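Several structures are given next for inspection.
Same chain, two partners: chain A is paired with chain B first, then with chain C.
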Partner chain A sequence: MQFFIQLALGGLMVGAIYALLGMGYSLIYRASGLLTFAQGDYFMLGAFLTFTFSVLVGLPFFVVLPLVGALMLGLGFLTERVLIGPLIARGSGPIYIVLATIGLSIFLQNMAMIIWGSQGFHVPSVMGDMPMKFGDIYVVPQNLAIVFITLGIMVALHIFMNKSKVGTALRAAAQDKMAAATLGINVVFAIGLTWGISVGLAGIAGLLIAPIFGVTAHMGLLVGLKGFAAAVVGGYGSIYGAVIGGFLVGLIEAFSSGYIDLSFKDVVVFGVLLLVLFVRPEGLLPSPALEDL
Partner chain B sequence: MGQINQKYVLAVLLVALVCVPLILTNNYLLLVATLIGIYIIVNCGLDIVFGYSGQITLGQAGFYAIGAYSSAILSIHTEIPVIFCMIFGGLLSSFLGMLVAIPSVKLVHHFLAMVTIGFGEIIRLLAMNGGELTGAADGISFIPKLNLFGYVFETVGSYYYFVLACVVVFLVIKHNLVTSRVGRAFRSIRDDNAAAAAFGINVRRMKVTAFTVEGFFGGFGGALYAHLVGFISPETFALQQSVIFLTMVLLGGSGTLWGPVIGTVLISILFEALQPFGQVQMVVYGLIIMVVIMFLPRGIAGTLNDRFNRQNSKKLELSSDAS
Partner chain C sequence: MLSVKGLKFRYGNVETLHGIDLEVNAGEVVALIGANGAGKTTTLRCVSGILKPYAGSITLNGADLTTMPPHQIARNGIGHVLEGRHLFKGLTVRENLLMGSYGRQDSDGISEDLETVYALFPRVKERLGQVSGTLSGGEQQMVAMARSLMAKPKILLLDEPSMGLAPKVIDTIFEIIHNVADTGLPILLVEQNAKRALNMSKRAYVLEIGNVVLSGSGEDLSKDEAVQRSYLGG
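Coming up: the complex of A and B.
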C-alpha cells in the first residue's frame, strides 16, 4: 500500500507537468486549429531560463517566477506573429505548419545546446530538497507544490477565460474570427495572446520541474509528446480534459514503471496514446480528431 | 523533343554515377555517396505517403529500424542468404506499416503525425529494451556483408553499385506506381478527400496501400544500411532521423519523382559540410525547414516544375492566339 501511494504521488506530480503542457496544446488548437511540436522545447526553455536567473544571476524565486512567465508569454506571442500567423495568412496547409513547428523545435533545442551546453544542470528548490514524512510515506515538498500550483493555474485560467473581458474575447476569437472581428475584438492580438499563454504554461512547467529532474537540452522531447498524449486522452481542445488526461498519463506512467518495468514505461504510455487514438480518438470529452467518412 | 532530351540527361547521369567510385577514391566520401543512395530509396517511399497521398508521417525511422534490425538478426542467427534477409526486412516493415495504417488512416494530419511518432518511438524503445536479440543500447555489430551468387560485397565501392542498382529499381517502381491508376487515386485523396470518395475511390484502403508501400521502401533501405555499415544501434533510429528524412523530401519537392532525390543529395552534402560545426548543423536544419515552408512551400523540384509549366502554358496561349 505504501508503495502504491508513493507511486501515485509521483504519478500525480509528473501528471501535473503533462497537464500544464496539455492545456497549452488545447488552447492553441482552439485558437489556430493546429498542433505545435514546439511545446516540449518551450518547456525546456522555461527550465533553462529558471536555471539562468536563479542560479547564474542569483535572483530570488519570487522574481524568477513572474520573469520566466512573462518572457515565455512574449516568446509565444512572437512565435505566432512571426511564424504561424503569416503561414496561416498565406494559406499554407496545416501539414506544412505542423512541419514548421517541428523545424522550430529542432532550432530551439539546438540553440539551447549552443548557449548552455549539452550537460545537465541542477537547480535548488526554494522549498528545500528534504522529503517530508507522513507516516510511512515520504513526500518531496516541491512535488506537492507542483500539483497544487497546477490546480491553481487551472482555476485561474478558468476564471480568466470565462469571467474576464479579455478571456471572453480570446474565446470569441477562437470560435469565429470574422464575427469576433466585427464586434471590435482585436483577433490578431487575441490569437497571439493565446499562443503566449500556452507557451507561458509550458515555461512554468519547466520552471516547476527544474529542481526535480534537473535541466538538459533534451528534456523537452518526451515530455512534449506526453503532454500531447495528455491532451488527446482528455479530449483534444478541452482545457479540463487536458488536466484530467495529464494526471491519467502521469499515473499510467508511474504504475507501469513501478509494477511492470522502469524501462518500459514510455512504451506503455505511447501504447496507450495509440490505443486512445485508434479506439476513441475523441478522447474522454468530445473533440474533432476524425478526418474522413 | 522534351522526352528525348530527358532520356539523354538520364543516360549521362547514370554514366556519371557509375563513374563515381572511380573518381572518389576516398573511402569516407564513397560511404556518404552510398548512404545518399539508401536515403533516396527511403525518401521515395516517404514521398508516396507524404507527397502523393498528402498524409503526414514521422515514423519513417521506425520502418528503417524494422528493416535494419530484422535483416541483421536474421542474417546473424540463420543461414538464409543476406539478400533474402533484406527482402524479408522490407516485407516485415511493409506488413507492420499496413497494421499501423489500418486503424490510423482515419485521423487528421496532426493526430496522424503523433501516431506515426508514437509508432517510431515504440520501435526504437523496443530495440533499446530488446535484451540479447537487439543488443539493447549497444546495438548489433558484425552484421554479415551481402553475398550475391558467391560474390561478397566486401568493399564500399562494390556495395555502392548494388545500392545504385537498387535506387534505379525503386525509382522505376515509384514512377510506375504514381503514374498508374493507384497513383492518381493517391493524388485525388491528397487534393480532396471527399471528392475522391465521391468518385468511388476507397479512401482508407488507398491510404493503407500508401503506407504499406512506404513500409517496404523504408524497411529495405534500413536493411541496406545495416549490411553496409555492419553495425546498428537504437540511436540511429531516433525521431530526429524521421525529421531529417521528411526535410529532404520537403526541400527537394514532395510529390515529384526527382524532388526527393534532389533534396536527399543537397541535404546530405550540406550535412557533411556542416559536420565540423557540431550543434550549428542542427540549428541550420531547423532554420531550413522553417525557411523552406515560408518561401519555397513546393520545394525545389515543385518550384522548377511550376516555372516550367508556366512557360509552357504561355507558349500555348501564344500559339492559340496565332491560330
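Coming up: the complex of A and C.
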C-alpha cells in the first residue's frame, strides 16, 4: 500500500505536467482546428526562461512565475499572429500548417542550443526537494506543489473561460468565427489569445518541472508527445478531457515503471494510446468541437 | 442612414457583385429579393465586413465602414443575423445573448435591453439555461435575432430568417420581425419568401446575378408583372 501511494504521488506530479500540455493542445485545436508540434518546445523554453531568471538573474520565484507565464503568453500570441494566422489566411491546408509547427519545433530547439548551449542546467528547487515523512509515505514538497499549482491554474482557467466575458468570447470565437465577428468580437485577437494561453500553460509546465528534470534543449520531445497522448486519451479538443488524460497518463507511467520495470513506462503509455485509438478513438470525454467539424 | 454605392465583389477571379447601389433610411424595412445566387447574401456580408468588396463604398450615417474589420463594423451599429442562424451551439442561450452585448460597456443599458428582448421573444427567456445547439430551428432563429439586438444595432441585416422553418413557425418569426420593425429599427431583409418580404417592406430591391435590376415600393413591386412571374409564383 505504501509503495502504491508513493507511485501514485509521483504519477500525479508528472500527470499534472502532461495535463498542462494537453490542455494547450485541446485549446489550440478548438481555436484553429489544428495540431501543433511545438508544445513540447514551448515547455522547454519555459524551463530555460526559468533557469535564466532564477539562476542567472537571481529573481525570486513569485516574480519568475508570472514573468515566465506572461512572456510565454506573448510568445504564443505572436506565434499565431506571425506564423499560423497568416498561413490560414493564405488558404494553406492543415497538413502544411502542421508541418510548419514541426519546423517551428526544430527552430526553437536549435535557438535554445545557440542561446544557452547544448549542455544541461540545474535549477534549484524553490519548494524544497528534501522528502518529508508522513507515516510511511515520503512526500517531496516540490512535487506536491506542482500538483497544487497545476490544479490552481486549472480552476482559474475554468473560471476565466466560463464565467468571464472575455473567456466566453474565446469559446464563442472558437466555435463560430463568422458569428463572433458580426457581434463585435475581435476574432483575430481571440484566436491569438487562445494560442497565448496554450503556450503559457506549456511554459508554466516547464517552469514547474525544471528543478526536477533539469533543463536541456531536447527536454520537450517526449513530454510534448505525452501531453499529446493525454489530450487524445481525454478526448481531443476537450479541455477537461485533457486534464483527466494527463493525470491518467502520469499514473499509468508511474505504476508501469513501479510494478513492471522503469524501461517499460513509455512502452505502456504509448501502448495505452494505441489501445484508446482502437477502442475509443473519441477519447474519454468526446469534445463537441469534434462534432462541429 | 445605410448607403451602399457601387459595391463590387469577386470570389477569386469571378465577379459576383457588379456594382450594387442601395439605401436604407431611418425606420424603414427594405427587402432584397432575388433568386439563389443573385448575390443577396454576398451583399449583406460585404455590408457587415465578413467579405471585403474590391470597389464601392458602404457608409452608415456618414461613417465609412468599407475597409473596417467586421468586429468594428458591428460596434459601429451594423447588426447581422446570419443565414443559417450561426448560434454558438456549445454555449447556453444566456451566453449567446451575452456575446451579443460583447462590445458594450453600459451595464444598465444591457439589462434594459435584455428586458426588451425578453418581451419580444418570450420563448427565448424560457430557454436561457439551455445549450443553444439543442433548440428547435425556430427557437434558434429567435435566439439569433435576440443576440444581434443585444448589440443595440442602428440597423439590422436579416439573412433568410424563414429558411428551413415550418409555415407556422415562419408566421411567428415574421410577427416578431414586424414587432422589431415597430420599435423603429431599420431592417434590411433578405428573404426567399418574396411575398412575405414585399408585404412587410416599405421598399425593395430586386437582385439578378449581381445587379440591382428593379427597385421601388414593396407594394408596387408586388404588382410588377416580371416580379410576379419570377418570384411570386404568379
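The rule we apply is simple: the second predicted complex is superposed on the first by the 286 of 293 C-alpha atoms of A that agree within 3 Å, B and C clash if a C-alpha of one lies under 4 Å from a C-alpha of the other, contacts with A are read in each partner's own complex, and residues count from 1 in each chain.
Assume a residue touches a chain if its C-beta (ideal position, glycine included) is under 8 Å from a C-beta of that chain, and two chains touch if they have at least 3 such contacts.
Worth saying up front: this structure is predicted, and the values here are computed from it rather than measured.
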{"item": "Clash-or-fit label for the pair chain B, chain C on chain A", "value": "fit"}
{"item": "First (chain B), second (chain C), both or neither touched by A:107", "value": "first"}
{"item": "First, second, both or neither for A:60, with chain B first and chain C second", "value": "neither"}
{"item": "Inter-chain angle, chain B to chain C through the CA centre of chain A, in degrees rounded to a multiple of 10", "value": "90"}
{"item": "Which superposed partner A:152 touches (first chain B, second chain C, both, neither)", "value": "neither"}
{"item": "Chain C versus chain B, contacts on chain A by residue", "value": "B"}
{"item": "Touching partner for A:74 - first (chain B), second (chain C), both, neither", "value": "neither"}
{"item": "Chain B versus chain C as contact partner of A:175, first or second or both or neither", "value": "second"}
{"item": "Minimum C-alpha spacing, chains overlaid - chain B and chain C, in Å", "value": "16"}
{"item": "Shared contact residues on chain A - chain B and chain C", "value": "288-289, 292"}
{"item": "Parts of chain A lying in touch with chain C, wherever the complex brings them together", "value": "165, 168-169, 171-172, 175-176, 178-188, 288-289, 292"}
{"item": "Chain A to chain B touching residues, read off their complex", "value": "34-35, 83, 86-87, 92, 94-100, 102-111, 113-114, 118, 221, 225, 228, 232, 236, 261, 263-264, 266-267, 270-271, 273-274, 277-278, 281, 288-293"}
{"item": "Residue ranges of chain C touching chain A (in the complex, touch as defined)", "value": "48-50, 69-72, 74-75, 79-80, 82, 86-91, 95, 98-100, 102-103, 133, 147-148, 151"}
{"item": "Of chain B, residues touching chain A in the complex", "value": "54, 56, 58, 103-104, 106-111, 113-115, 117-119, 121-122, 125-126, 128-129, 193-194, 197, 203-204, 239-240, 243, 246-247, 250, 279-283, 285-290, 293-294, 297"}
